[in-house]
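Each remark here refers to the structure printed beneath this line.
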Amino acid sequence: MLNRIPILSRVSEGFSNAGNHYAIRNFRNALGKMLDSRMTMVYASFLVFVLLLGLVGPWIAPYDATDRIRGEDGELLRGEPPSLDHPLGTTEVGYDVFSRMLIGARPTAISGLLGGTIIITIGSLVGITAGYVGGRTENVLMRMTDLVYGVPLIPTAIVLIAFFGVGFIQSILVIAFVLWRGSARVLRSQVLQIKEREFILASKATGTSTPRIIMKHIFPNVATMAVMFFAIGVGYTIIIQAGLSFLGVVDPFVPSWGVMMRNAYASGQVGNYWWWSIPPGLMIAFTVVSTFMFGRSYERISGGGDDEGAMVQAG
Amino acid sequence: MSEQPILELDDVTIQYRTAGGMLTAVSDASFTIGKGEYFGLVGESGCGKSTIAKTLIGALDDNGQISSGEIRYKGEPIQDYTEKQFNQELRWKEISMIPQGSMNNLDPIEKISNQAIEIAQVHTDMTRAEALERFEELFEVVGIQKSRIHDYPHQFSGGMEQRAIIALALFLNPSLIIADEPTTALDVIMQDQVFKYLDEIREEGGASMVLITHDISLVFESCDDIAIMHSGQIAETGDIETIYDDSRHPYAFMLKGAFPDHRYPDRELEIIDGYPPENMGEVNYCTFVDRCPYAVDECREMAPELEQWEGTESDHLVACFRSEDAYEEHQRSMPESDSESTEVHGDD
Amino acid sequence: MSKVRYYVLRTLQTVFMLWLAATLLFILFRSMPGDFTDRMLFAGADPAAVEAFREDWGLNDPLYVQYYRYITNLAVGNAGVSLEYRVPVIQYIRMRLFNSFILIAPGITFAYLLGSLYGLLAGMKRGSIIEKYGIIPIIFLGAFPSFVTAIFLIVIFASWLGWFPTGGLITADTRRLFADAPWWRRYLTGDFLWHAALPFTAVVCRYLFLPSLIMRTSVFEVQGQGFIFYNRITGLPAVNRLRHIAKHASLPVITLYPVSMTRAIGGLVLIEIVFNWPGIGAALVDGVLARDYPVVQFVFFLIAAFIIIANYAVDIIYGIIDPRIAVEGE
Amino acid sequence: MTENEPVLKLENLQKYFTDESLKDRILGRDVSPVRAVDEVTIDLYENESIGVIGESGCGKTTLLRTLMGLYKPTGGEMYYNGEPTSEFSKAEWQKYRRNVQIIFQDPFNSLDPKFTVRDTLKEPLQVHGLDNHEERMHRVLEEVQLNPPEQYIDRYPKQLSGGEKQRVSIARALILEPEVILADEPVSMLDVSTQASILTLLSNLMEEKGLSMFYISHDLSTVSYICDEINVMYLGRVVERSPTKKVLREPKHPYSQALIDAIPVPDPHYNRERTKIEGAALDPVDLGEGCRFRDRCPERMDICDIKPRFVDVDGESIASCHLYYDHESADPAADIDERRLASGSTTSGVEATGKAGDN
């Protein structure tokens, strides 16, 4: 199955060449098994597709995000339904929806990857440190996490962004600096379980240093969870970033799918111009579904059980 | 013993469907348990003893099945009973069980008394008050204050919870109790306390028991008859004195020798090399063959059947082609086979 | 720790958290760049008038005076006056809070009932079709951003099919009809239900996946426990066994219910905006855009307070429904 | 047994746990500590093996972790080759950790599931900067009879049986060529047939390598195959210390008696009486002074509310029980200095050396 898709087979070869480092070994095994499932292949392909669009979308788009399309008579094509020339029609101000769709993949990919990365970085730093070090450090870190749990994400983001007037990247940061809480909590409890296992004690008793234990024993054993939380973090950042764009509190000049939906809605013609609102809506939803499902099947395969609770915790 | 036996197993084979094919957990097992008899079923982990326990109460895992053979309870074949038949005719009124893992058999968010009442109301016409009264009585039998029936399980220590489970097993006066490793999680003093109550039940007569355990000493102390299992096959069965004094299956006498006896700390422990095989498909060989120092080609070609050991009048059955020679060879290899003589030598 | 002591401590802790939230909000809002007066100036107001306004509102007082006034007023339920509407914030917020509540409470409750049932069904039979594939549509629903769901609902059911209105609480006619009736009367009309149908559906869609997923996972977990096997061998019929499982598995769902409920107050801003529903979330967005600090600050405080109180309620409820943690407390 | 310095020496070792939260501190509440290990004195000499037995919750695990240097003792001292560990520098600890190794009970948890046997064995070598990895790993695998090593070295724990995992654990402990092995019920989770082979392996390795062993278990029958001397522990205290055979034959402390009487005997002809002990051990909080076994003790007397001294009973066994000394005459000669006794001179006629350290 792996070899049917050239890029994936190359990725997997790359992993084989990366040597026999245990972490890579484990990840490679899981990835190989995952791609054997047809459904997972669909999700994976969709994600790869969105990433590719994010890379090349603006170049292959037939029109610019701000090109106003005029008909042969020079009139602006306002709210044209889909046609061969404009597969997804045009907007009320005459933008080509299809082009904007292609262009909008990049902000989505950026928000997902950036958000997911920050979330899992903070989450695992806080979670693993709290879980492993324990004592006062743990107390402080976990109280901090509790406090962040008390933060209502969307209202906070609205207020901060509106008052401090921040832009696209900052909106992602605001989201990520709140959403790490779920992974921190779950990873901590995982670490608490793992650190009591005897192989950790044995390693400690041999004189292995704490950083080494964390890197070599703790992290590989929670890595599955971390990947799952990364996937969920990606999904949630995309959802919420799109939501904030939709509310109009984020820089409206970044042509994301969320902004498209906002414009469609704000036109007051959302029912008439369905080709304007439904495609970006579906793209957002499918991207998020794919990340969730991908994360889920990764966790399933690598034996973490299927703890959809993670999805809940992350929210 | 002309009475109708409580339980008879006749060439019972139990298999599990697994990704790799049919896994044979129990192969052609036969034994008989008489009324009021305590029967010990001994073997190492994975030998199929717990599978037998679950089968007897109709709670085999979903992927498991009785492939052949007959199980008779009071003469009635029950191997094809449905879940419903088990519920209506056998479970708890006739056959009860003390399952493995004492600590979580009771619903942690339900008072123990309520769980007892639920069982009573499902199976009998007892009123709440009658059920409580009966349960209180049993709590006293197993040495717990009767006021504690209204506690939640987490308020009990491990030993107490296990005794509550015994009380529940006796609750509806069953004819047969299956005890699956009833004391594995307990400390030795606790274990002894639990067995004290099991002894008392035995003295009062009535219920028969299948005691399933890996610890042969518990069986030697508490049972009348014993069957020793290895990887799905019953190697040897008979009454405990016979098996202790005169076991003939290599696994049986080696297992016996592997058990430490604190009275003779200097006795060399028997080592049984290797591990039990995973039996896929039909088992037409002796499952002990790879670990057996006395094995011959024949042992690989067909499965030995349980046969009456000559020279004994009691039901002493052995499933070994080499039961005669192996024992002799074993005796020869162990000059100090008379364990008594090794008692408390110097520690040189 | 004794039970009473635990509850007392937990209560004190909650009060402390409320104070902390109020204080953090005060600090946050005082450090905001720009305030309402900037907007007045921007709108071309006379600087002298603005200065008089600042004096009137105590905006020139030292911070600690402002803080003291703020906390003491908040403690007696006075959240100040809306700068935009010139009415007491409480009065302005009251109806909007109710509007949010009347949308959220039934929506979340229904989602939880349906979701738990679905999760129970999906979790009961491992390896069945519903267990394997039934969860996928649920995850799909959960992955749809709420505003996307809401817009799709409008496009399909309001624009194309025309079954429901695109937004609003009630029609102008109904408003007029019940202008003199008590405030709650208008909520008892078919018109209201007709308007509420789509937002309600959107709320259910948004929250269905939480209880479904938790219930399903929780049913799996419970089924691995010893007492499930014990219940089977003691011959309890399927109904009784299901009752035990459901009771256990619903513990985490019950815990999450109040939390979801309060989180929804802030989280459903998007649905309120799409359906033009005059709720508290919409009030927040309006207030932010108008730099109406007292309103925003109070709405924010309410949302935070609800979350704090919900967490408190969860601990108390848990202490009651789960005997295992009744004594140990935390 | 050599007469020089013990390798490991515990002197009145204490480890208390105070589960005091911030709230308790604010409310000024006194939280009584859990006295998990209370004044334990044990000496371990070269090529000697000492057993510590007791039921779950008696403090053996805490004792073990203190010995591993994972817990800092609350009181008392632990000496390694005569040096007090409380004054150890980082480098000295590292040396200690190299020379004192552990084997755990649970083969399923004692190996990292993400590590192959090679990874597991390599780690201690890397940590202590040793070379010849391959050669050492092969040699140690052969020593624990995982033959041929090539067949095992690249396996994950899930590809090993319980007994094989335990052998890998032993290999990990041996690869640094330690002086002392701490064994935490290394056979209790194994099948009896495997148990015997691991016990035999351990005792052969001790013999060949001149190792010392500290063997902790709840199971007297297996301890008796390995240990020369047994310490019986109850709720944090050692209540009896005797040579293995002595304690099996003639336990002195009522708790040791109960423990030994409760062991099932694999012999249907032997008629053993069931235990007379009721109830379970208390939580080790608020134990008061006095003998900790007094509430379950069949021999309970009034004086048991006073802490019993550690006395030499008959020249071989030492017990901490009021039954074994005459309180009237308060003969100082019967009062034993624990340190002297623990140093292996279990001969009779011990002279009085003053008051015992813990009284």
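Labels for the chains are A, B, C and D, by order of writing; each one numbers its residues from 1.
Just so it is clear, a contact is a pair of C-beta atoms (placed from the backbone, for glycine too) under 8 Å apart; a residue touches a chain by one contact, two chains touch by 3 or more.
Only a predicted model underlies this, so the values are computations on that prediction, with no experimental measurement involved.
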item: Length of the shortest touching-chain route, subunit C through to subunit D; value: 2
item: Fewest touching-chain hops separating subunit A from subunit D; value: 1
item: Centre-of-Cα separation between subunit D and subunit B, whole angstrom; value: 33
item: Centre distance in Å when subunit A and subunit C are each reduced to the mean of their C-alpha atoms; value: 25
item: Gap in Å, rounded to a whole number, between the CA centres of subunit B and subunit A; value: 54
item: Shared interface positions of subunit D, touching two or more other chains; value: none
item: Contact graph of the chains (line, ring, star, complete, other); value: ring
item: Touch relationships between chains, expressed as pairs; value: A-C, A-D, B-C, B-D
item: For the subunit A and subunit C complex, residues of the former touching the latter; value: 150-156, 158-159, 162-164, 235, 239-240, 242-243, 246-247, 249, 261, 264-265, 270-272, 274, 277-278, 281-282, 284-285, 288-289, 292-293, 296, 306-309, 311-312, 315
item: Contact footprint of subunit A on subunit D as seen in their complex; value: 22, 65, 68-70, 93-94, 97-98, 100-102, 104-106, 109-116, 119-120, 123-124, 127-128, 169, 172, 176
item: Complex contacts: residues of subunit C adjacent to subunit A; value: 17, 21, 28, 32-34, 135-136, 139-140, 142-148, 151-152, 154-155, 158-160, 166, 209-210, 213-214, 216-217, 256, 263, 265-267, 269-270, 273-274, 281, 284-285, 288-289, 296, 299-300, 303-304, 307-308, 311
item: Sites on subunit C touched by subunit B in the complex; value: 225-227, 229-237, 240, 244, 247-248, 251, 321-324
item: For the subunit B and subunit D complex, residues of the former touching the latter; value: 44-45, 143, 157-160, 187-193, 195-196, 199, 214-218, 220-221, 240-241, 244, 254-256, 258-263, 265, 269-273, 275, 291, 344, 347
